[in-house]
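Each chain carries a letter (A, B, C and D) given by its place in the written order, and its residues are counted from 1.
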Amino acid sequence: MHTLLRPFAIKSSVDLARLGVILALLGLILFGALRYDNFVSSYNILSFLRYNSMFALIALGMAFVIITGGIDLSVGGTAAMASVVAALFSPSHWAAGLLAGMAAGLAVGALNAFIITKMRIQPFIATLATMLAAYGTGLLLADNQSVSVSYDTGFTIIGQDDFLGFPIPAWIALAAYILGWLVLEKLPIGRHILAIGDGEATAGLMGLKVERTLAAVYIASGTLAGLAGVMLASQFGAGQPTEGVGWELFAIASVVVGGTLLTGGSGSVGATLAGALLLAMVFNILNFENGLGWISLSAYWQSVIRGAFLLVVVVLQAKLMTRHRST
Amino acid sequence: MLLSMQGISKAFAGVAALKSAALEVEPAEVMALVGQNGAGKSTLIKILTGVYRRDEGSVAFDGKAVDFTMPAEAQAAGIATIYQEINLAPQRSVAENIYLSREPKRFGLIDQTAMRRGAEAVLKTFNLDIDVEWPVAHFDAATRQMVAIARAVTQNARLIIMDEPTSSLDEREVAVLFETIRTLKRSGVAVIFIGHRLDELYAICDRVTIMRDGQTVAKSPMTEMPKMALVRHMLGKELAAFQAMAPDEDVPDRPLRLAVENAGAGVRVRDVSLDVREGEISGLAGLLGSGRTETARLIFGADAMQRGTIRMEGRERTYHEPADAMADGIGLVSEDRKIDGIVPDMSIRENMTLALLPKLKKAGIVDRIRQDEIVTRYIRALGVKCASPDQPIKELSGGNQQKVLLARWLATDPRVLIIDEPTRGIDIGAKSEILKLLRSLADAGLSVLMISSELEELLAVADRVTVLSDGTSVATLPRKDLSEAALLSAMAHQAGPSGDLA
Amino acid sequence: MTTIETPAPQQSGTLSSGSRLFRLASRYGTFVAFLALIAFNIAVTPHFLSWQTLNVNLTQVATIVIVATGMTLVIATGGIDLSVGSLMAISGALAPMIFMGQLWPVENMAFAVTLAFLFPVVVAGLFGLFNGLLVTRFSIQPIIATLVLFIAGRGIAQVMTNGNLQVFKNEGFQFIAMGRIAGVPAQVVLMIMIVALAAAMIRYTVIGRQLIAVGGNEKAARLTGIPVKRVKMLVYMISGALAGVAGLVVVARNSASDANLVGLGMELDAIAAVAVGGTLLTGGRANIIGTVLGAFVIQLVRYTLLANGVPDAAALIVKAGLIVLAVFIQQRADRR
Amino acid sequence: EVPKLTQKDTYKVGFAQTESNNPWRIAQTNSMKAEAEKLGFQLVYTDAAGSAAKQVADVNAMIAQGVDVIFLAPREEKPLIPAVMAAKKAGIPVILLDRSVDPSLAKAGEDYLTFIGSNFVEEGKRVAEWLAKNANGKSKIIELEGTTGSSPANDRKKGFDEAIQAAGGFEIVASQTGDFARDKGRQVAEALLQAHPDADIIYAHNDEMAMGAIAALEAAGKVPGKDVLVLSIDGGKEAVQAVVDGKIAAVVECNPRFGPKAFETMLRYAKGEAIDPILVNEDKFYDASNAAAELANAY
């Protein structure tokens, strides 16, 4: 094979699935642009990016967790709790809000890491439990209500302002993704994460520090969820202890649509972003479709359509992968 | 002394695997570690490298007492290990696997180019010319084994442990490996070599440590330990003779049982024709990667056959699923027991009767009495070393797992048994038992298609051997023409462009 | 040549009686947790020791147990079923539509009620089969395959009922939740029957052993002639059908079917019950009795927190801690 | 100032609903849809599925589509402020329905046009006041709260708890969430009745939980209305019927039929009329005295 072509080589069926999600995203954008007025307006694009940056961050953390063969169900609860913490700290300084929110996320991540690596409880159950605990803590801290953030310390700039014409949350998410890509593709720890996902016992026998690496991944996922919580608080002006329900499923679906197998050992940062944008785009398109007034879609049909869309995407992807495998 | 392990004891769930075992290795020597299946060799190694924690005993490496809590520590201290079940990350590339945990770096980032070049260079010394950026899973067992060896060799270790490194290698590769070991020795590296093939031990090892039932029963220089004595120490008794067991004459008029004509699928199996007759052992030989395993899977319906025909007892058959082939009385003991064979969490009893289950039922319910009877019979017949039939199979030593899998198929009472590397990882005592058993089953009417990389094994029991080369059957040698030279020349003569023997 | 004298073989396998006791206790980790909870309640919770308490808890736990039994089978094959809650909603929405004559006219009430029991369960089973098809034919990972119906399934139920609450009174149909058989609530009898059948299936039948093998090593299972795809489709179908049964119980109990809420969050309760009960989510094992105990533990935790006035937020934290603790004890028990 | 609305024949209006998982919300949505259809307006309807954040995104999508007016049923007081502000910036008047936003951050008549709705605190208070007069010696209360953290749950608890405290002689023996759902409400009531057999009043934050509580009472062999008084908020037909049947003692209405009033207000504004900052719905109160007569009018 020519050396120049090397990076583009499709070496596994997963590579093909990744290509598929990017094509699907482009297709959906094209569909929206042709069908709806103002779909590609800067207002829609910018508010789309601003809102969905939170989910993109969570999906990034989830991608790493899933690559290790684990799962993190606690991200939604963590984000909710972190938004409360951030809101509580925002009156002292904007940075206090930011750091406190991230620290709250980190704490949940560390707890996950402890339960999974030290108590050896499966990630699904461990993070299911911490999800409950995070919601509970958030509600307790918030006294069951939304907590107003301070509008005086500049905390709301994080979520509501623009920088160079783009929403700050989008910049943050972009930076996180570039960092994530570097870690996964260019740093040894990224390779170790992949190898652990390939087989934990084997990775241990090959001399990798499995527990430490796993812990780092769960902590990263928690911290990213914390950051998403900060954005939530900043963007909407309140810490919201009841938000975040279902975020974990959205993130898992994004990662999977991005061609990452839940069995671990493979995955791509870029395709995860494409997956998250693709799924978010479906909501946006449904909102525009309602506006056309042809069919007034009830909320119920919306969930049927979302389910059907997910079905089409994963079935197509599965077909791509099996076709590749058989040749 | 480089390594000294003394008084090592280890019990699993109250059952002792090691009882005060000892192992000593000098710098720059190759120490053979031998013993029957389940003697405790792998366990001893895993205690050394920190996979398991010992219950009792002391370990000193390089003069210092050590107590590794995980393999990473042993690796850092200068011990490289190739474990018995090849341990590589299957979805990562060959290059990454070789360098995992000590990647070459530039500006803190992985230096992909250096990694690729380095990997290519080491593999070249093993005569292996492969694209190192493909995932390891893409390659067959032998290549993976070589990659694992390359990984160990490049770790600059003071001690390299090889737990049955040659079990999936053919003779050419064994030769390459031995050359590597000699080079290592010259540079002062010590090697612990675990193996069941005595000739190999005598060819490469300086000293030998013999284990039996979790204890060290003997150690001596290799030259002072005659084969017969070694086997006696190992087994605790004399070895039953292991000689030619096949009838010397061809019996050409035996009816044809299984006939494969021009079978093919994809690029791995191009054009294979072979016959298996009633009551005979038909061998299938070939170099590594010649497509023997794939052929077996095609016949058994595990992979889809794209070309050619299968005739079972005269009728043309198409098998879409293994279940179809089984319904016709065909069985397959697969090559890779970890991936295709055992159900690790299930008991020995269940593993042994898995294929038989549908026949063991009364109104959908498993007949426990018959099940027990069958399990007890085969545990005794094959000498499976286990605490009880209810023990999870994953707790058995490699060789004993292999015996259970063999029993799984024998219990189905097949008319054709395809058996891929039947004696891989099996100790010399059990090996002759198994071969004898296969021979007597054949004599009683069973048809066996036996894939083996060990020519002496084929020579000993096969009535006829089909030779594959590059996915094509190039020769079928009848009993009277069988000899090591004839087989080698058939395998080599037709070796494809990638073959080195021409 | 040096030969080491072989010391006399030691007796192996002996254990001090103390550690044997510990092994016995921890082997039934979930059971111990269960007993501990009961003891705690007797000491703390007012009016705990009464038949009515037993009655309340048994009837409330029945639906979780029924769903979790199906979930155990799915998990044993290495899968998971997130769609159970949505399938409960579908079956719960269908049943009243049948005997209230919204699908087709009711001519004979007894027949309509019989149909209201069977048809929704069959439909839920077919949806389960659909999950199974996605998992087997298209090799879609179970979480995602069942996520499709998790999202869409409730939508389907809502579309069928237009999101409206269906209120009804129908003694025949509601017998499944309100009736008593020999003094025992019907849903509890149903639960016991389902559990017994499932446990027997796992332990004694060929298909039961085969599904464990599929979860333990799918490739090996296929090579021993096990019809892997059929086994998997079967378990998803069973799980769907059992979710359907649970849906019937819930709506019958409430005299109302609310497609928006029936079975909401049930998947997590069921999975937690399975995990607390000691079945590994990685497949290859199934412990139905453990699952029942797991569900009892979860129910009892819920009851304890409610009855003692622990506020919801704090209750979430306590529940989290107890789940972790229970699974931890159970796993230590397993590893011994 | 609130953006102006020009007078046109037809409008494209947005309605950002918070969720549609309970009968009350569904009635509200249907009322809005029916009214829009009657007037021949194009309705852009979104459903935030219980997420305040998604609701803001929904409003943004409406703004991008260029609607003329936005009807917003804010899920929460504070998090919806950015949506209100964004609409104002885009020149689109906003009318809030059934819940308001934080008055310290956004003001009626300035940032948004007006708020049409009921007062949740007031609803809780009305229940408590009725009890103070009609409890007949019953005093031990089990409170079934709405979804933890939701504003109707918080407010209906606040209004009730404060007023019942003020009335004196009552004791809330247990207060737990039933998630506004019948099944959960029933299960929680079953457990609480078991732990507190002496409770003789159940106050549920909505009809659904009240119905669940009645089922729990009957299962425990108690007679609702006699042994235990059940009180509720929302006042849907099923609940009013239960009042007629004597199973529910009293229920405060919280009428979801917003459509006519909402669109009428919008049209008045377009004509240039001044609009009050708060338009309070006149909610009825049903007890044994009027339930039978009012049954036909209940929603």
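We take it that a contact is a pair of C-beta atoms (placed from the backbone, for glycine too) under 8 Å apart; a residue touches a chain by one contact, two chains touch by 3 or more.
Predicted model, so just to flag it, every value in this text is computed and none were measured.
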Fewest touching-chain hops separating subunit B from subunit D: 2
Chain whose mean Cα position lies farthest from subunit A: B
Averaged-CA centre spacing for the pair subunit C and subunit B, given as whole angstrom: 42
Whole-Å separation of chain centres (CA-atom averages), subunit A against subunit D: 34
Between subunit A and subunit B, centroid-to-centroid distance (C-alpha), Å: 44
Interchain centroid distance [CA atoms averaged], subunit C/subunit D, Å: 35
Per-residue overlap in subunit A, given as positions that touch at least 2 other chains: 139, 144, 298-300, 302
Where subunit D touches two or more other chains at once, by residue number: 20, 148
Multi-partner residues of subunit B (each touching 2 or more other chains): none
Every chain pair in contact, whichever chains are involved: A-B, A-C, A-D, B-C, C-D
Complex contacts: residues of subunit D adjacent to subunit C: 20-23, 26, 145, 148, 174-177, 179, 181-184, 186-188, 190-192, 194-197, 208, 211-212, 215, 220, 238
Residues of subunit A that touch subunit D when the two form their complex: 36-39, 41, 43-44, 47-48, 51, 54, 139, 142, 144-148, 151, 160, 232, 235-238, 240-243, 245, 283-284, 287-288, 290-291, 293, 296-300, 302
Footprint of subunit A on subunit B - complex, ascending: 49, 51, 70-72, 74-76, 81, 83, 87-92, 96-97, 100-101, 103, 105, 108-110, 131, 133-135, 151
Residues of subunit A defined as touching subunit C within the complex: 71, 115, 119-122, 124-126, 128-133, 135-137, 139-140, 144, 249, 252-253, 256, 261-263, 298-304, 306-308, 310-311, 314-315, 318-319, 321-322
Residue numbers on subunit A that touch subunit B, as the complex places them: 1, 6, 9, 11-12, 182, 186-188, 191-192, 194-195, 198-199, 201-209, 265-266
